[in-house]
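The structure is given below, and queries will be raised subsequently.
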Amino acid sequence: MAHVAEWKRKEVEELTRVIKSYPVIALVDVAGVPAYPLSKMRDKFRGKAIIRVSRNTLIEIAIKRAAQELGKPELAKLADYIQGGAAILATDINPFKLYKLLEESKTPAPAKPGAVVTKDVVIPGGPTPIAPGPLVGEMQALGIPARIEKGKVTIQNDYTVLKAGGVITEQLARILNALGIEPLEVGLNLLAVYEDGIVYTPGVLAIDPSEYINMLQQAYVHAFNLSVNTAYPTKQTIEAIIQKAFLGAKNVAVEAGYVTKETVEDIFGRALRAVLLIAQNLPGELLDEKT
Amino acid sequence: MEYVYAALLLHAAGKEINEENLRKVLEAAGVTPDEARIKALVAALEGVNIDEVIQKAAMPVAAPVAVAA
Amino acid sequence: MEYVYAALLLHAAGKEINEENLRKVLEAAGVTPDEARIKALVAALEGVNIDEVIQKAAMPVAAPVAVAA
Amino acid sequence: MEYVYAALLLHAAGKEINEENLRKVLEAAGVTPDEARIKALVAALEGVNIDEVIQKAAMPVAAPVAVAA
Amino acid sequence: MEYVYAALLLHAAGKEINEENLRKVLEAAGVTPDEARIKALVAALEGVNIDEVIQKAAMPVAAPVAVAA
Amino acid sequence: MEYVYAALLLHAAGKEINEENLRKVLEAAGVTPDEARIKALVAALEGVNIDEVIQKAAMPVAAPVAVAA
Amino acid sequence: MEYVYAALLLHAAGKEINEENLRKVLEAAGVTPDEARIKALVAALEGVNIDEVIQKAAMPVAAPVAVAA
């Protein structure tokens, strides 16, 4: 590195210092992110994270140097994930939370030919503001159920025109733009995160919160069932335990036809329901005024 | 509904629901049996599966308050 | 349920639900009355307003909805 | 319901529900046992499968949440 | 559920649900009482209005909707 | 419910639910273990098939009815 | 489910559900904590009102249906 320009040397030193001073180091792709959204992101993360945009080669050198100086060989592997217009995001935020934050701060953007979509692109059914014209034929050519109704183009039903991972063609971009559909997302794309000897990739970091809510509820139900079924009383379950015992006793008494103050209504109710159900099978003249 | 209760009582006692038996039960309960109604009842119950009806009527109506299960 | 049907039959016939009447109705239905059950039933019904109970029991019952398991 | 609770206590304890045992449990709870009620209960429970009745009542509900494990 | 039935029996009998009484009832039912379980039950029942809780359970109103686990 | 959660954690971890283990888990969660509650829990879980019990609906519930008329 | 039970234990104990606390509880239960799972759990539960979530799990959906008789 004898002939390395002075600014590059300083840049690598600065990047290395940043990497070494935070426990969580993320690589994000800022390619295609305009300056304004990027500055908004910086504001959003102020005090919580540092975002450094640099050349990929310098980032690679800085990561490897920091890994060596810290004695953390796993950190060096982070450099394998550099791609696009990489930037370093250094923070204390747990990698899973960081991923969530980054995803949440993405904003929709118009279709561009050649861009890859991350989600299915659905054209919603219903009327559109588009006047009849050659576009209708193009839509139909792509399978979009477009028709002219009352002088406007109407989509007959929701139609998935492109699956996640698909590439937007020039023709489709024109159609989506005419329809005002923004199928792309602008924001920092997380490439990988390092923390504590582990490199996390987006596939691992994308967690479904509803799954955790379900697990919490399931765990609670397990505890509830265990407590009630074994009659181990807790503040939350003592009422259910009493009710279970009471209902069990009551059901047994009702089944046995053993009349008590608590069971008389159920037992008579059964007899009465039986009478009423049978009465349904009887001719009208058999039934007295009480029916 | 005396006639139907009488029929169900006979059924629960394992006795046949016929005119004779209905008459006896109703009289014991102080009811003067109406012959036409007794005949009609016996005719109407022919082909009715009483056990099934009772089964349907027997659904316990007791519900918990706060359960998860 | 014989005892319960017998009691309801008496009630529907406008007769008092007492040991004597229950005995007669049960015997007419061919049941050998169990004195203890008769006594216990009469005792349990003491102070119970049967019309009210029947009213409640007969009301469009709020039945539990089918529950998937 | 004292008598029914006493019966279920005996059942849960794996003891036979007979007059003798019911009497002992009720007395321990400070209740002066009524012979007719004890006899009536024992008679009424004959042929009732208590575990099944309790179980049946408890069956229909599963877990309230569908869960991805 | 022995402990809970014993508690409900005492409650129905108008007796206090305390360690001493639970012990007596359980022993009469042939159960060797576990001191820890007795203590835990008495502690859990503190401040619980049993009549109210039972009242709630007895209301035939709604059933939980269940989803398979 | 701390004690129950602790027991479920031990069960899920494949560890025995005994006093010693419960105590350790509760202390790690910052709970000062109550000896009576620990003993009561261990006693209540004796011989219990936990996998089965946690899945079993805890409450007696009315069977599904579809009585239309 | 160990991780979720551990989280609920901490919640019930009034402790914060953070990486440090989860690690301690899991280790006490003899589980070697998986850092990624701990981090994922903490991130997923952030901002979640656990009491509310649990409440929903426990709430029966009242759906009384009138039955014509």
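Residue numbering begins at 1 within each chain, and the chains themselves are lettered A, B, C, D, E, F and G in the order written.
Heads up, the rule we're going with is that contacts are C-beta pairs under 8 Å (C-beta built on N, C-alpha and C of every residue); 3 or more make two chains touch, one makes a residue touch a chain.
Remember, it's a predicted structure, so these values are computed and weren't measured experimentally.
Asks: If I compare contact pairs by residue number, which of E-F, D-E or C-D overlaps with F-G on over half of them?
Replies: Copy of the F-G interface among the listed pairs: D-E.
Asks: With chain centres defined as mean CA positions, report which chain is farthest from subunit F.
Replies: The chain farthest from subunit F, judged by C-alpha centres, is B.
Asks: Since subunit F and subunit G are copies that touch, is their contact same (over half of the numbers shared) or different (under half)?
Replies: same
Asks: Decide which interface, D-E or A-G, involves more C-beta pairs in contact, and give its chain pair.
Replies: Ranking A-G and D-E by C-beta contacts puts D-E first.
Asks: Using mean CA coordinates as chain centres, what's the gap between subunit A and subunit B in Å?
Replies: 59
Asks: Where the CA atoms of subunit B average out and where those of subunit G average out, how many Å apart are those spots?
Replies: So the centre of subunit B lies 53 Å away from the centre of subunit G.
Asks: Per the centroid of Cα atoms for each chain, what is the distance between subunit A and subunit D, given in Å?
Replies: About 50 Å, centre to centre.
Asks: Where does subunit F touch two or more other chains at once, residue-wise?
Replies: 1, 5, 8, 40-41, 44, 55-65, 67, 69
Asks: Could you list which residues of subunit A touch at least two other chains?
Replies: 211, 215, 217-225, 231-232, 234-235, 239-240, 243-251, 257-258, 260-262, 266, 269-273, 275-277, 290
Asks: Which part of subunit C faces subunit A closely enough to touch in the complex?
Replies: It comes out as residues 1, 3-5, 8, 12, 40-41, 44-45, 48, 50, 53-54, 56-58, 61.
Asks: Which residues of subunit C touch subunit B once you look at their complex with the stated criterion?
Replies: Per the stated touch rule, the residues are 1-2, 5-6, 8-10, 12-15, 21, 24-31, 61-64.
Asks: Spell out the part of subunit E that touches subunit F in their complex, as residue ranges.
Replies: Contacts found on subunit E: 34-37, 39-40, 43, 60, 63-64, 66, 69.
Asks: Using the touch rule from the top, collect the residues of subunit A that touch subunit G in their complex.
Replies: Against subunit G, the touching part of subunit A is residues 94-97, 100, 195-196, 198, 200, 204, 207, 209, 211-213, 215-224, 273, 276-277.
Asks: Please output the residues of subunit A touching subunit E within their complex, sorted ascending.
Replies: Touching subunit E from subunit A are residues 218, 231-235, 238-239, 241-250, 262.
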